[in-house]
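In the two complexes that follow, subunit A is the common piece, with subunit B as its partner first and subunit C second.
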Partner chain A sequence: MRAPSFNLLSWLIAIAALLALPWLVTSDYYVNIASQVVIAAILALSLNLLIGFGGMISLGHAAYLGVAAYLSIYLTAHAGFGHLAGALIAIGATTVLAMLFGYLALRASGLGFLMITLALGQILWGVAYRWASLTGGDNGLGGLKRPHPFGLNLMDPAIFYYFALAFFGIALWCIARFVQSALGQSLQGTRDQPRRMRALGYNVWLIQWLSFVFAGFWGSVAGLLYAYYHQFVSPQTLHLTTSAETLLMVIAGGTGTLLGPVVGAALVVILKNVVSAYITRWLILLGVIFVVIVLFMPEGLVPGITRWVRSLRSRPRADKAADTPSIAKDSAR
Partner chain B sequence: MVRTRIFLSTTILAACTALTPLQAAESLKVGFMTVRSGALAAGGRQMEEGLKLCMDEHRGVMAGRKIEIITADTAGQPAVTKTKAQELVERDGAQVLIGPLAAFEALAIDDYIRQTKTPVISPSAAAEDLTQRKPNPWFVRAVGTSAQAHHPLGEYAAKDLHYKKIAIIADDFAFGHEIAAGFQRTFEQNGGKVVQKLWSPLNAAEYGTYITQIDPSVDAVFAAFAGGNGIKFLGEYKNYGMQKPVLGAMTTVDEGILKRMGDEAVGVISSGWYSAATDTPANKKFVEAVRKAYSADPGYYTVGAYMACQFLNNALEQVKGDISDKAAFMKALRNVNISQSPYGPVKLDTYGQPILDVAIRKVEKKDGRLQNTVIKTYPAVSQFWTYGPDEFLKSPVYSRDWTPAK
Partner chain C sequence: MNFWIIQGLNGLAFGSLLFILASGFSLIFGLMRIVNLSHGAYFMLGAYVGLSAIEAGVNFWIAILIGGGAICILGTVIERFILRRLNGQPLAQVLVTLGIAFIIADTCVWIWTGDPRPVPMPRELTGAFRVSNLAFPIYRLFVIGVAFALAAALWFLLERSRLGAMIRAGVDDLPMARAMGIRTSLLFSAVFCLGSALAGAGGVLAGPILSVYPGLDSDMLPLALVVVILGGVGSLLGAFVGSLIIGFIYSYGQALFPDLAYVILFLPMVLVLTLRPTGLFGRQAI
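Our next item is the complex of A and B:
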């Protein structure tokens, strides 16, 4: 399945809107929210690689976010490394961790895979919680100063937003390229027909493992930005709730689409941080919204809305549009 | 013509000068970070009650300025706490923050409050290092540190109760570790010996496996629990037929949960910088007001938030309601000196930490309800106990593996 085709104009409008955002919103507060959306979106995009394109539902994706955040804060603020060295080691080590986790988790598929990723994630949470001399235990780890790359002052909310947005752009482009590449196409093949792919001579395990590591890499990039943004990390970041929240972003936005996770990330971050100021029971609201999404567009917001728009535009051919997102439905279930 | 102009400008100038005191009377925005969702919500609700009570007492006006409270729910998550702090400061224009509830939340906004130079009064976060090894110039605390009330208890257990051997059971997180270590330090210094330390997970479903491990030769058990864990532990302790006396941390038999306990809690000796049963006019008035408004006794969180609000009032009166000079306001906040309060007399040390009277309390049943009767008071207890800041800060922060220096 391809990402929904957007014409050049709508892409340009979206890019212009994202770039102009700091001028459009008046308060630094909303710029900061936008930075958080962008960071969450990178994480959701990387998880979507596994879920949407690989059919591997992971409940341990917070591991990469948390480990990269812990490492970068520990290395730069407590072990005396420079920002660049700290960032590179954090991303490198987290990617190595993804290699190991992929090796362990891909011994199983389906529910077994889900349980292994869940267990691995919880082990890391336990380590962060227990190994207090290194991680600060449940008091967390702080003290990181945001870096000044190329003389940019990242303490400024708008500049930080552009910094995160640049990473987001690169991530989106790389992941889009990956999905369209031969490897990405064969990954989707292993999702739909693993047996047939095997019979055709593809190394299914290797394809899945490489994708797993690639997803882990982008998860660690999100973790690095998370560390720079919050300048603080605690075991909460590694907790199952973070993984589940990311999963929710992907499913709500639309699995197996390029933009679905981005929309899902925006939805969850805004509900959690902005709407919660007005509605105390925002968790219930999130639940209701999720149920509504599942009821009316089980394939997720982005494919669902695309389908609606398409059926509105061409009423006579509405039945044709209904059969496109069949696979996304499967993984959403 | 020229004259008119001069006249006009003087009028405008006069109008401007007249405006300044008017501006001072503009309302002061106070951001209040509480927890309304998640595991910590019960404490968050009590904090809101305590704060509301204090605001009502002042009729919403402090030092001639109207106080506007803006409440935010941090959900007990560090990342959300930071966003909420930004929301309060940047969007809503809060000039002072009261909150947040948990220590890891306070640590999560540590850098942010330094950066924005926002004064913060903490109504409950007890982590030692917030006012010790990592002091923040914009942070003061309105409650004791984890170990502050439990240094005296260690001494009391050894000297007054003549216990020689004690087993410790505590929640396995920073708060439990710090309480246990503080207790152990003074207990052993006075000739006692902690022979066993059991750490139970914060969300333990039951304590049977821990209770059966307790060394039968000990004189007493020191139980340091937070949240609702004290209820579960004491109930099971009795059901297992344990006879050894129990010493409790302040939060093990906190008034906030004491009402949900039965006879199993009677006789538990604990220590705290507050007891609802303290017999002073200031406290009686406070307790009656809480009972009337919420038909419950004030506990840890209620009194913490109430006192945070009184700290604000005291500091605002010192600067006559003018908060425009943040450094001066912060100096006033660190200079808070309240002679009569539910705590008793309070003043702050140079680290922004209150020096408080610590009560040794015993759970008794009076008028059909359980209460923490005060049996001894240690006046003016510092967070450093009798060690002095220099010596105290030399050793690492209390932790799970902390052992007293030989």
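Our next item is the complex of A and C:
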């Protein structure tokens, strides 16, 4: 884990700031944006497992967000399941889907992996869009009421924020533990030296597949929260643009660091909300950001700016940032 | 019986359009290892450019040339000035083409608005072709003919010409081809230019059948990906067979199980990836 070396104090300050946020920003609008950031951060954390720690660039991660959201809304609001049962089935079924997709996508590596995940994700989008009798087609699916777990009123923005934040905390802890575990360490081994890992007797395929499923699981948790937050889901949730936005969160924050995707999620969600208030051309901006990042800051915005700041402060140690795996330097296979 | 023949011809026509798109995509991927995620956007932009040309009073055939030519120029510029800067970084190249795809798609909505626009058919190809009690639009037969002619021409180019020999050498072993004195830089530009032109012209050609609408790009791109996954990387025959398979599945699927047409697309992918990950006619795993 090559996270920036946070000491105990900075962790405490960060946690206190996250907990105090609803008091610091008094408007519900900003609390809601904070909830969106937290949900997006869970999704970005899970995608970063694949990209940053596994070297597997997936362009279909919206699949787990969207399928879990569709399933939970369909089961609870349209098929008569209870909230808990609906949520558990949605997460379970989406994880099974991740098992299947992982099996298919890991038949290839590198660019082939990327193409397969993209194709699978877009087929799901087509299913949601065309299978109107089940998914509501372009109109999407709504009618979900937020649950009242332990008597909490999740309709209150601040309470929902804490609810999502709790999930985020659990996700962050689990993913941090995963990265440090033997499995997570060997995943990073397969990223850097797949052939050598194989020669050492590691089952590279199994390591990658288990990580893929684990990432899919956390993607589906994000999808569940997404469904509760919006109480609505449309095919757009499954679309390539959602996968690309999540990918942008990961590479903007810096791949392969634990907290980079969280920063990236905050950047992308805030930027999208701010920009959408003024212009309707978010997609063009998204495209331009992609091109600019790849051309000028291949290691990601946060490490890029960190390096820039550090090189201003102490010039001799400017090459330190080269350690973080850059999205551009990975080879094709 | 008529149903099966008509839907079979529809599948053939749709597969033909897919082939025009996917052959360029597959060639670019096979030779340059660039997954050109802008390819669907090229297709859509080509269709819009052709539509505007026709609305400006240009003949349909010239509009195909204009659509293909415009995208060819765009593709060449992108290849020369952006993709080439990222030489040897395949993932960075993919992300750039994804970004460019978004920029093109949103620009199209900006210029041509969000409404679907049918591209008018050339007058000489309107009407239906009749055999006993079967009627089939002449235009679709024409599209099928174009795809077969293109397949033959590409086959001739790849298998029987000097340029094709160089491209095949590049697909098989790029460093060695370069060492033998083949100017791969020019070769890359030529192939990218050809693939872009095919996508743009294919878009115009598809206009009268599919019409042009925002989202045409993200409808077509995954199908092209599936075709390449099925057929195998850089294989012309694979792109051809894969396109026809997907064309048939899509056409029969939409007629028989309209809700599930997209679900059925999973099946060939599952089968091929499980049994033959190199694709039907590929020599290397993707």
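Heads up, the rule we're going with is that the second predicted complex is superposed on the first by the 276 of 333 C-alpha atoms of A that agree within 3 Å, B and C clash if a C-alpha of one lies under 4 Å from a C-alpha of the other, contacts with A are read in each partner's own complex, and residues count from 1 in each chain.
By definition in this document, a contact is a pair of C-beta atoms (placed from the backbone, for glycine too) under 8 Å apart; a residue touches a chain by one contact, two chains touch by 3 or more.
Since we're looking at a predicted model, the values are computed, not measured.
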{"item": "Partner chain(s) touched by A:L59 [first = subunit B, second = subunit C, both, neither]", "value": "second"}
{"item": "Subunit B versus subunit C as contact partner of A:M155, first or second or both or neither", "value": "first"}
{"item": "Subunit B versus subunit C as contact partner of A:Q180, first or second or both or neither", "value": "neither"}
{"item": "Partner chain in contact with A:G110 - subunit B first, subunit C second, else both or neither", "value": "second"}
{"item": "Partner chain in contact with A:Q193 - subunit B first, subunit C second, else both or neither", "value": "neither"}
{"item": "Touched partner set for A:A132, first subunit B, second subunit C, both or neither", "value": "both"}
{"item": "Partner chain in contact with A:A119 - subunit B first, subunit C second, else both or neither", "value": "second"}
{"item": "Which of subunit B and subunit C A:G143 touches, first, second, both or neither", "value": "first"}
{"item": "Contact breadth on subunit A, by residue count: subunit C or subunit B", "value": "C"}
{"item": "First, second, both or neither for A:V294, with subunit B first and subunit C second", "value": "second"}
{"item": "Common ground on subunit A, meaning residues reached by subunit C in one complex and by subunit B in the other", "value": "129, 132-133, 281, 283"}
{"item": "Residues of subunit C defined as touching subunit A within the complex", "value": "29, 33, 35, 37, 82, 85-86, 89-92, 94-96, 98-107, 110, 218-219, 221-222, 225-226, 228-229, 258-263, 265-266, 269-270, 273-274, 277, 285-286"}
{"item": "Partner subunit A, residues of subunit B touching it in the complex", "value": "36-37, 72-73, 75, 77-80, 82-84, 86-87, 90-91, 103-104, 107-108, 110-112, 115, 127, 129, 173-174, 177, 399-400"}
{"item": "Subunit C contact footprint on subunit A (complex, rising order)", "value": "57, 59, 104, 107-108, 110-112, 114-116, 118-120, 122-123, 125-127, 129-134, 239-241, 244, 247, 251, 281, 283-284, 286-291, 293-295, 298, 327-332"}
{"item": "Of subunit A, residues touching subunit B in the complex", "value": "27-30, 32-33, 36, 129, 132-133, 137-140, 142-144, 155, 230-232, 234, 236-237, 272-274, 276-277, 280-283"}
